[in-house]
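I've put the structures underneath this note.
Two complexes, one shared chain (subunit A), two partners (subunit B, subunit C).
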Partner chain A sequence: MTAEFRLRQAWTIARLQLRRVFFSKRSSWVYLLALFPSVPFFGHAIEVKLSQSRYASRVTAAAILESIREGDTDEEVLKTAGEPVHERKFRRGPRGEASVEYRNLIYFDGERRWFLHFEAGILQNKRSRPLIDFEDDRKVFAGVFQYFYLRLAVFFGCLGIFMNLFRGEILDKTLHFWFLAPARREVLLAGKYLAGLIAATLIFATGAALSFGLMLWPQDAVELSAFWRAQGPEHLFWYATAAAAGCVGYGSLFLAAGLLVRNPVVPAIVILFWEGINGILPAALQKFSVLYYVQSLAPIPPPMDANAPALIQLLMSPADPPSTVAAVCGLLAVTALVLWIASRSVQRIEINYGTD
Partner chain B sequence: MAVYKRGYTRYQGALTGHWARFFVLPRFAWRRLLEQRLVVILLVAATFWPLLCAGFIYVSNHADLLLGFDQKMSAFLRIDSRFFVIFMNAQSVFAILLSAFAGPSLIAPDLANGALSLYFSRPISRVEYVLARLLVLLGMLSLVTWVPGVLLFFMQSAMAGWSWFASNWQLGVGVFFGFLLWILLVSLVAMASSAYVRWRIVAGALVLGVFFVLAGAAELTNAVLRVEWASAFNPGRAMNQIWCAMLGADPIPGPNATFCFIVVSIMAALLLFVLNRKLRPVEVVS
Partner chain C sequence: MSAPEIVFQEVSKFYGEVLGVNHVTLRIPSGITSLVGPNGSGKTTLMNLMAGLIHPDRGVITVRGLSPRDPERLMRITGYATQYDAAPRGVTGLDFVTTGLLLAGHGKQEASRRAWKSLERVGMNEAAHRKVAAYSKGMRQRVRLAVALAHDPEVLILDEPLNGLDPLVRAETIALFHEFAAQGRHVVLSSHVLQEVDVISDRVILIANGMIIAEGHVRGVREEIHEHPSQYIIRCRDASRIAALLFEQDHITQVQVHEDRLGLLVATRNQREFSRALTRISLAGHTVESVVAADENVDALYKYLIGGGR
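What follows is the complex of A and B.
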């Protein structure tokens, strides 16, 4: 038996398994997890596009809006700035007492929205926000990618895909068919891992790329073309690579867990907890997690959650991120170690369909 | 003439009462759950935080210990609505973990092994079956939620005196009903997951996934759309707002308690719909 023959066997197993991973009904929620972040980005893009077309006919000069001061009356503001793009009036007050009239006006200066808040006809608060802010959107995408995509979507997606490769067969009482095939068990493991990896990488890398594309869609054409010429393709590549690297790391962990543990909830909780507290662990311990290597591949570091409790913010001490080469090598080393443990386990496995 | 003849007469003996029949399912389920090591470990682990809180109440009620402290420290040691909301938030995590272990084994095996027809051939309706299963989780989760919560409330009342109880009785009521609402939601998620995937161990992972992914998805939506209303779809955050309103604590910025309650009710209705769809004594296999 040559290595080439075993590779061909592994590829045959992977091909058979791929169909089941991609098209089974059980995989539908994995697609949902991967594609969900695209939905809010799509909604944001539509909102920006609609607002741009709706406000275009009622632009007020920025100088006029800047000249408005707190303490001005609503009538004065309407006289100087003209008709707002949006207006809302309401009355509110403590029960049994006279209610106060509130008025909110929104103006648009071509780039920014100005929010004016009046109480009893007097301007109490004036603030402005750009209709769309590319820098801010990129930071939001970085946060979404690091906190939702890597920590939750890829994590639970890989849990579903890779646990299913062996544990699913045991639950379906079909694992013995694979074991009866004239292939070594390590080859079976390699074939199944390859299938899971191809499926997870394609699904999550595509999901990340789609969300990135939808984040870019409503941006200003000039800013966008400058970004696309400078860092755009590089950012897209690294986001997709980080998603794929997450699949490599978590995939091996959950494949091994599916062989070693009967109940996936236990390793899921343990790994989720370990990855969750990763940021507050000492630097040496942070290196024993998938997240440490994967998040260093992302082009923008995760923004700190301003709403996090003070104690957590105090304890947060991210270890120095590894270089790209070190991150890839570290991740591959961890994956190889876990797969070796899994291959030892699959050699000893005895089928007991039991009462799962 | 028949070569074999056997006649039947209707059972004429005493019948068990309706409620006795109803409690058969929870009785057996509780016994089976308490045989699981992980469930017992979680139940024990869930007592640590209430014990710490009990210690906190003891310290806060001993004025002689507080004499040297400044006003900030005294305010920190005050037992008020904020203390109970923090306690509830911590214990609610244990309720999720416990439901992920205990919940899936309630319905999935019955569905996977086609046992529902056996249940429903006895004098038990679909609603009673669901209620009986719900009662299993209600009993189990009560041990880590409202039971320690109410005990802490009574401990504080006993130590602080009647005047404290008279002015803060709504905290005890809030803890009880707030936790009851949380138990109901968590139990419905566990039961619907169990009925939906039919695999006990996958259902456990799904329960965890529902709570963590919904929380992440809600925060993601808030961040991308620059809104706050999406927090209502994060079960933990929505329940926190409801608890703050029930206990009279300052809510965290975000959607108000009424909106959160409506969203939680919609979630519960959807979960009931899933249960109703999946729990059928017969099914046509295509």
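What follows is the complex of A and C.
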């Protein structure tokens, strides 16, 4: 039996398994996890687009808005700047004469929204903010990607896909069909891992790309094309790659877990905890984690409030992130180690449907 | 290498505390071999051990010289239709058989050609495009047989393959076993009932409580069972006189008179002769009050195995 024969056999196994992974009822919620971060970005995009079209007929020149000063009266402002895009009046204080009237006006200059706050008819405060802030949105995306997508969505998605490669077939009482094939158990393991990896990578890299695309969608056309000419493609690539790398690492962990334990909850909690405290572990131990490598692949660091407690800051970002090459090599080493453990235990596994 | 055999050497398998099989030593030559025993006797355990689905705690197994720990080589020459009545979700009969062949390394066309041939052999080609989940019990049984047959194995292991088959299909299936056996292959099957398989088998292995209790050609096994010593307790008036009469019979292996002289413990190798002898003794005027099997369990088991038990 040649190596080439075994490789082809692993590929055959992967192909047969792949259909089951994609269409298994047990893993349908994995799609939801992958789509989840797209929801807020889609919502944000729709909100921006709607506002833009609503404001389009009432644009006020930026120069006019610049010229308005604190201390101006609301009547003056309405006269020079015209009709606002939004207006709100309310009173506060005791009933009757003593209460103060407040008034908020919002103007739009084509790019920025201007917020004017009046008290008793006098402008007290003027602020402006762009309707959409590319820089900001990219930071938000980086945060969602690191704190939600990598740590939770990819994590639980891989749990759903990879734990079921063996455990699911034991529950269905179909694992013996694979064991009765003229294939070494390691080849079977490799084939199944490959199938899980293809499915998970496709689902989660697509999910990452989709939400990235939705984040970009409402942005200013000029800024956007500049972004695409500069670091844009690279960012997209690294987000997708980080998601895929997460699947490589977590996939191997959950494949092994599915062979070693019956209940998925226990390994899920243990691994989640381990990955969670990774940031405060000694440097040597940090290297035995998937997150340590994967999070350093993301193109920009996630936003971190400088006022956050030191412990949180430590937990969320490694003190000493590895270089890209080191991250890829480290991840592959961890994965190889875990797969080796899995291949040992797949040799020992017995068909025992009754008691599982 | 000598004639290809399936060999068990001092094999034991425990499921935790529960005994699967104990100290099994067997040599199974090619031909049709039936494992016969009641529920929970260890038939499936033996078959799973042969196919490498479980591993022995002690002892060594080889199947035509191959170790069950080497599925890459073993499963090339082995087909196993298990007792697990499950099929992958949503597959048709044809998919089911084809999948096995693809895993065995056949190309797509070759796999589907062989799958058809195999389905034809078990008379399932008309239902090939229907979902396995929608098959009847007997049809599922047959499609599993088709999966096991498809790659033309040297060793065919079939766990209760005749279960749920109608008489016509059963006859066809048995013909298939003979065809395989005639080509020098192994057909190992299991059954609860000796009568079901004794005429079709070249050899029978009787198993109970995880132990082999008799094996060999069918006739030999029957005799072995008839000759298995069973013990009876006889209540009577003149125990010593009856003891003397019984002891003259050559099927009686042991007679013990109870202290109260009102009872006997008798061991016989031939139950039929023993009951005839008792009748003669009664007719001769001796009072026999009762005859009870001393070891009901063992006795019931043997009665069950020789037939009538279902």
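Throughout what follows, the second predicted complex is superposed on the first by the 288 of 356 C-alpha atoms of A that agree within 3 Å, B and C clash if a C-alpha of one lies under 4 Å from a C-alpha of the other, contacts with A are read in each partner's own complex, and residues count from 1 in each chain.
The rule is simple: a contact is a pair of C-beta atoms (placed from the backbone, for glycine too) under 8 Å apart; a residue touches a chain by one contact, two chains touch by 3 or more.
Everything numeric in this text was worked out from a predicted model, so none of it was measured.
For the composite obtained by superposing both complexes on subunit A, the positions of subunit B and subunit C are free of clash and fit together. Touch criterion not met for A:Leu50: it reaches neither subunit B nor subunit C.
Residue contacts after overlaying the shared chain place A:Leu33 against subunit B, while subunit C stays out of touching range. In the superposition on chain A, A:Arg184 contacts subunit C only, with no contact to subunit B. Looking at the shared chain after the overlay, A:Phe156 reaches subunit B, while subunit C stays out of its contact range. In the overlay built on the shared chain, the residue A:Lys173 is in contact with subunit C alone; subunit B does not reach it.
By the touch criterion defined above, A:Gln9 reaches subunit C but does not reach subunit B. Look at A:Ala268: by the touch rule set out above, it reaches subunit B but stays clear of subunit C.
Taking all C-alpha atoms of subunit B against all those of subunit C in the superposed arrangement, the shortest distance found is 9 Å. Shared contact residues on subunit A (touching subunit B in one structure, subunit C in the other): 355. Contact residues of subunit B toward subunit A in the complex are 38, 97, 100-101, 109, 199-202, 204-205, 207-209, 212-213, 216-217, 219-221, 223-225. In the complex of the two chains, the subunit A residues touching subunit C come out as 1, 5, 8-9, 12-13, 16, 20, 23-24, 172-174, 176-185, 187, 347-348, 350-353, 355.
If you check the complex, the residues on subunit A that touch subunit B are 33, 36-37, 40-41, 43-44, 47, 140, 143-144, 147-148, 151-153, 156, 159-160, 163, 167, 171, 262-266, 268-269, 272, 355-356. Interface of subunit C with subunit A (complex): residues 15, 48, 51-55, 69-76, 78, 80, 82, 84, 86-90, 99-100, 102-105, 147.
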